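Just so it is clear, A, B and C label the chains in written order, and each chain counts residues from 1 on its own.
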Amino acid sequence: MPEVFADNPEFSLEVEDGIATLHFRKAFLNVALKLHTRGEFLEQLDRIERDPKVLGLVQLNDEQFSGADEMKALMDQLVGQDPGRLSVLHRYKRSTLELMSRNRDFSKPVVSGVIGPMTLDEFGVALMCDRILLSDDCLVRNLSLDAGLPAGAILTFFLPRVVGPKRALTLLTRPDALGAADALELGLADRVVPAAELEDECRAEVLRLAKLPDPVVAATRKLIFSQFEKFEDHAERSINMTVQILQSRGR
Amino acid sequence: MPEVFADNPEFSLEVEDGIATLHFRKAFLNVALKLHTRGEFLEQLDRIERDPKVLGLVQLNDEQFSGADEMKALMDQLVGQDPGRLSVLHRYKRSTLELMSRNRDFSKPVVSGVIGPMTLDEFGVALMCDRILLSDDCLVRNLSLDAGLPAGAILTFFLPRVVGPKRALTLLTRPDALGAADALELGLADRVVPAAELEDECRAEVLRLAKLPDPVVAATRKLIFSQFEKFEDHAERSINMTVQILQSRGR
Amino acid sequence: MPEVFADNPEFSLEVEDGIATLHFRKAFLNVALKLHTRGEFLEQLDRIERDPKVLGLVQLNDEQFSGADEMKALMDQLVGQDPGRLSVLHRYKRSTLELMSRNRDFSKPVVSGVIGPMTLDEFGVALMCDRILLSDDCLVRNLSLDAGLPAGAILTFFLPRVVGPKRALTLLTRPDALGAADALELGLADRVVPAAELEDECRAEVLRLAKLPDPVVAATRKLIFSQFEKFEDHAERSINMTVQILQSRGR
């Protein structure tokens, strides 16, 4: 029987056999934007981290999950140009940055499993996990493009560092969705597995990582990702450019 | 009937059906070094950028184009050691940097088509375009090597970031020319097309990019390439090293 | 008949037909840690560099070489927690950094040939050579992982820049040894050759590089690798994290 740590409309967090499983039920932006949800999210991650029986964390999205509509709605709302609304964007980006740093600095193994349709921005949130596994039917859509905005700071920062600036520019400026095989070939993921086996494979991966002497996995993750210090500068630039584009539309 | 914006020995610029086409007739260094040509180049790019009927820009080199002889002549001239001549090198590098930043910040889609023999340094100029298409008979030669000089700052800066420092070092220190297939595999280009179809394919690519909501393409390009802030420092180091090598030969 | 420049338990250095060959007989950490050995190493490299008949340098490890036991012994010793011993780690890392900078700035071509079992940390030392050739039976083991420590600063700094942070994190947090074919595919090496031909192939590579106009190879290597200026900051962070992990075990 799993022990339930959180169970709300945005995400659930359960622990079974020493592995914590985080299910995103809605787009990550819901966690980033809703003050209460965000607070509960950080609090439960802290509990999981301190709990000695928890070996590591699996991050999954629900099969029905797609951040597309929600992100579109947010963007549409923002295009409304109310200065109060623009500050939502700032809060979203800052919040995402903070939640990602929490992920980067988590002291136990973190494995991300990506299912079904998903936005490229949401996918970017997984880029600092120890392993990324994709379900074979996974499809990553570049939604920012539809909204006429450059991709989020995470993507414009990390993607050039993972696949090179040339490939990143092409990926972020074409409407084509990215299939599991493409993502694997680009080095954005570790493995592709059948959708039905994704959760089990993620759990097995956490167990493998948890067998390595502690805290080597978390320390290596932190060392690798914390050297890209200019991310904060870049995120600022990204926010400013997005706000500028949105404001120019209001004219 | 194309509308002619510029038509001089170094380059031509025409607009037809909403697409501007820039033909380099001589090596890029002619544009970078000749004060008058450079002025006209920047002025015409500004006009193209402001012109609401221009959707985007195709950059091509003439089939007869090869910067090899001109670059060799410039280097030979520089080896002459006249301090006044060395300043030509400084002007060349600064000018190239300025022209490339103009390219990076251009507010409409830019697609580069690379034809026939070309120097690796000239190829580097294309690295900040939205798409790079290669004619199947394209051959990129590493001319700096013949001249006994490290490749230009653009290459020693961007190539390690596109293909990694290990591969970049090998590419920049071997005399072998780079064929279209090699360049594609290395991630230096988006597609290889038959030489006869290169211009049409570039135009089609501009149209595809122009259909995306404005200004997402230009904003993404700017975000991706402007985060490598140390390029100016690197260019300075590259200039100094080149000058030092040239001066040591005069002794 | 080769001219012998150095012949000690840690390394030998000989010159034959204009090519210097450096054999590491023990793990690189012996050169880095033993004050006398380190002094002789730097002194002989200086001599080789000044000697006009030396065209370039081949770096090899002995076939029996494996730094694994020595590195384990060092780590075990360090885990003893004596503050005097912890300073050994600081000295090791600083020393490695200095020896690698010496390699990066060497004014003649440097080709590295990697044989048999080796630790990933030792392999990292080769990453700033002009060419890396692997014997087909070469096997690179991630020993730091066994010791429960993040890989050395060289690896956590350069590997993300060579293969991207995503792939680097996976490579540095899995116990699997890396075979020659894997290393080649990842772009960590230039070629794989039969073990029996490794030395000859390295010599041939030095001759090819030495035919290029001097000093283009050394200048390009220096330009490419000296732009990653934050390595010193990163090395500091890496040392601190390692010391912290070791100290926490003593509690």
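Rule of thumb we're sticking to: contacts are C-beta pairs under 8 Å (C-beta built on N, C-alpha and C of every residue); 3 or more make two chains touch, one makes a residue touch a chain.
It should be emphasised that the depicted structure is a prediction, and the values quoted were computed from it without experimental measurement.
Copies chain A and chain B of the same sequence differ by a rotation of 120 degrees once their CA atoms are superposed, given in steps of 5.
The two sequence copies chain A and chain C touch through a face in which the numbers common to both fall below half of the numbers used overall.
Spacing of chain A relative to chain C, judged by their CA centroids, is 36 angstrom.
Multi-chain contact residues of chain B (touching two or more other chains) are listed as 163. Contacts from chain C toward chain B in the complex involve residues 127, 130-132, 158, 161-163, 187-188, 190, 209, 212-217, 219-229.
Of all residues in chain A, those touching chain B in their complex are 144-151, 156-157, 160, 163-170, 172-175, 230, 233-234, 237-238, 241, 245.
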